[in-house]
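Every chain is named by a letter (A, B, C and D) in the order it is written, and numbering of its residues begins at 1.
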């Protein structure tokens, strides 16, 4: 096993020296006021040992990273039937996801683009009695951490500015692929995106995907086939139109969020989470990507 | 001047004999219960004389025909500045108007597709104190008929099923081209589409576009340049992706609605309205198109 | 009848004073060396009288204007069957005509975009013994002018740089909508585009479309239904994505070419041709458009 | 190490029993006459030991599998500069690759779609003295097998029917992203696709991608960074719009060809090649996919 703590410390030092940290996402007002100088990286190795460096306990908005967690819960509930309502192929498209939705009659390409996550949200709203409550319980259970919670201000802020998500939801509904009210589904979706977690909490939560479905306390939450499917989707679709680049530079299944977080896993080896709020022009955390590249390069560990 | 009454009577007889009347639009529940056997045609000649045949006094939902009237009012209010928010080119596209909206950053191609009419509705909502009330007064004034009114049941029915219009409105709003709430704008828009008018009322209303801006009572409502612009838009964009076909078969500026109505004008000559609820596969009234083709062929009058 | 000669003289004087003449098309090397200061306008009135002002006898490359002439000949040969291979709807699209071709399985939107004209060229190559020779004879006959000819240097220049046309032709062939060799079809097409004509010759040739199918010598070349169809196509599709603008500003069926020529007709009234090599950003002659707008404004004649 | 020979034998037995073998590609006439009952699977393990079952020595047309080999050679020649002319992102698109080319101004999405492989071919034509000869030598060297050769009949057959490839090449050239003649580039490209190899030869050739750049004779042909990049591209882009499905079902970087071949590698573990000419509706070998899924399931080996 590599000297993870050393590697993380070097990554932190280098991150602190980097001048160009990218740009903070501005379209969600609540996210715009985060300090760009935050940087943290936390990793759980195959023995469940934590290694970390930087602000790894401060919480931030996990945003799109939450899509993996809602997918995981919906996959548990529906099994393979899930794929009748959402695909598993990369969208290959930076921008016009509504065009794709029209071309493909309202079935989103995959569950990690917004349109796909909205369909997953609809499924959870249909199948759960108290959707927001139950998703929160699910995340807390996998993470073994009852302090995880939604950030209601962020959820409200997204609701007031998320016109594109409304457009996607209504378009999906016009094709008959949304069972519930748009308002109800998006209320759930905006809450899910507003989950507030630290690097340590994220790395702990995603340990389940590195550990064949078992969390740090060795409780089985997903079976091996489900883990394989979700990891494959993260690798193919986790980074929008930078998925190919990430597959090469980092070589791990992972998922980013506009809050500046990135999680990644190496099956049977480790889960890792980084946080740096500045984004590159593709919407992924700039220093986070560099950190993960450095991690796989220095440790010599990747799927390739 | 041709023997209009004779021509209209022949058109009516032929329409009655036609077996294949097309299909009634089913996506707005309130429209689905209209009797497909209705047929009417009404024409005002250059002297303001009415010629008509069939059910020309029964009212039906004018739907998209209303887009010309709201455009006319908005053009009066804004003048050429209107074209900063909506284009004047044909969309050339049967289906994916949201794709086009994305490609063109939220500026709809023209005011006669749904997306464009929604922007026009937004403009009216911004500029009028009581938008629904004032549009109704405007139409009544041009038509010289105070009995014209909205059909609230149709408006409500559209609101409950108009998911695609919601998608378009939110997408436009995400590009900053909608000033008001989506709900407010669409409430206005659905009312506008629900205007209930007969063939005679429609022909009377559109006389203004055949008569250089003056209504049947010779009051000036639009100037010549405005009339020319709106007629050009009707000719290029009035029939979705059947505009080219209509320009050839009929050769008149016009506009159709899914309620089965069609209006058309020959500048300096006549305005005409037909009603037959069955639509062809492009969404235009099947017998209405045949009637107008017969009218221009038999009268020898068209713009070409 | 308006004082055409006066109007044309005023147009000429104003054109000469205009500083911003647009940009000469540079992608066909042979066209790039034309003097931008050329300007001419020629009109045949309903009595067949010529009115003209400026360089109306100098010949230039008519380019896409030729598409109307090849369409006219193909329509004569095939009749309504022509529309099985090419549509009649505006493309509404400035740029990606290959995308549209893919969406619509190799059937071009209309005969006045390049892809459509290539299909028309294929039809002529299939139906004529000596296609290039016979098209030339056809044009000479309508124009009553045996001096009209191809410009072989221009044809050669286009062949060497026309990669996009090759792409379109091969794509059409991949869908089975091209019967002949791509090379043979494009050789014909590039020759057709290279036709070299003056404003007077163009106005004379297009008189047939203003005069219900009869040329200046009153020989019938097309019937009334054919004329109506072609005029409708010119109005809807003659100016790429500026068709809607042209329909409004000028209000006449017409066609432009990148050589700087524009022709237009007012049925039963006149045919007109302008030449000014500078183009606007949509690829239509800048001063030509202004001239035609002035013509319809000052004469009070348009289809609307 | 798993009992590979046992697993392969079981795969072979099951394949023989499967009734629905998919459909043979018909668009290249020379490929249409292959016997659909052929089935072979060959694997080199980490010790360089061969395991095989079925027709593993019969040669077939490797088609698109060759794109990995030409990419490998071009990457060797140009290094990272290669990515200025072709991307590394999945296209996510089953069909309209020409649309994407237009949207992205002639820079293909990745080197494993046709358009991208044509750009790679152009690079090789520019950089090699005898491109066809030198590519062949390169493949023979990696494979340690001088009997590998082109199938000239297949190459000729593709040339006569490859209209879509001509369309792509001309479109790329129109954007200035093709240095050489379309004819020259496609002649090279069609030859490359016509490479005729057996499962054993393919598994032997691709051993280099499983063995950190060293072939079976332990000669270094690519460095580790290059191997990582190419494996990442195979995983993201190797199976057209079935890439996401393959990533999940099989979980290995790989590449398919319409000749019915598939290659895949597990880094540091094995290279494998299958052949079964029947394709599924996405154009990938039906039994080949099933075989590889069974291989990773039974061996418990995949990247996830």
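General remarks:
Just so we're on the same page, contacts are C-beta pairs under 8 Å (C-beta built on N, C-alpha and C of every residue); 3 or more make two chains touch, one makes a residue touch a chain.
Everything numeric here is computed off the predicted structure, so don't read it as measured data.
Seen from the Cα centre of subunit D, the chain whose own Cα centre is farthest off is B. Inter-chain centre distance (subunit A to subunit D, centres taken as mean C-alpha positions): 32 Å. Computed from the mean C-alpha positions, the centre of subunit B lies at a distance of 56 Å from the centre of subunit D. Centre-to-centre, using mean CA coordinates, subunit C is 48 Å away from subunit D.
In subunit A, no position touches at least two other chains. The touch graph of the protein chains shown is a ring with every node of degree two. Contact residues of subunit D toward subunit C in the complex are 95-96, 98-99, 101-103, 163-164, 166-171, 173-174, 182. Here subunit C touches subunit B in the complex through residues 87-93, 109-110, 227-229, 231-233, 235-237, 241-245, 247-248, 251, 253, 267, 302-304, going by the rule given at the top.
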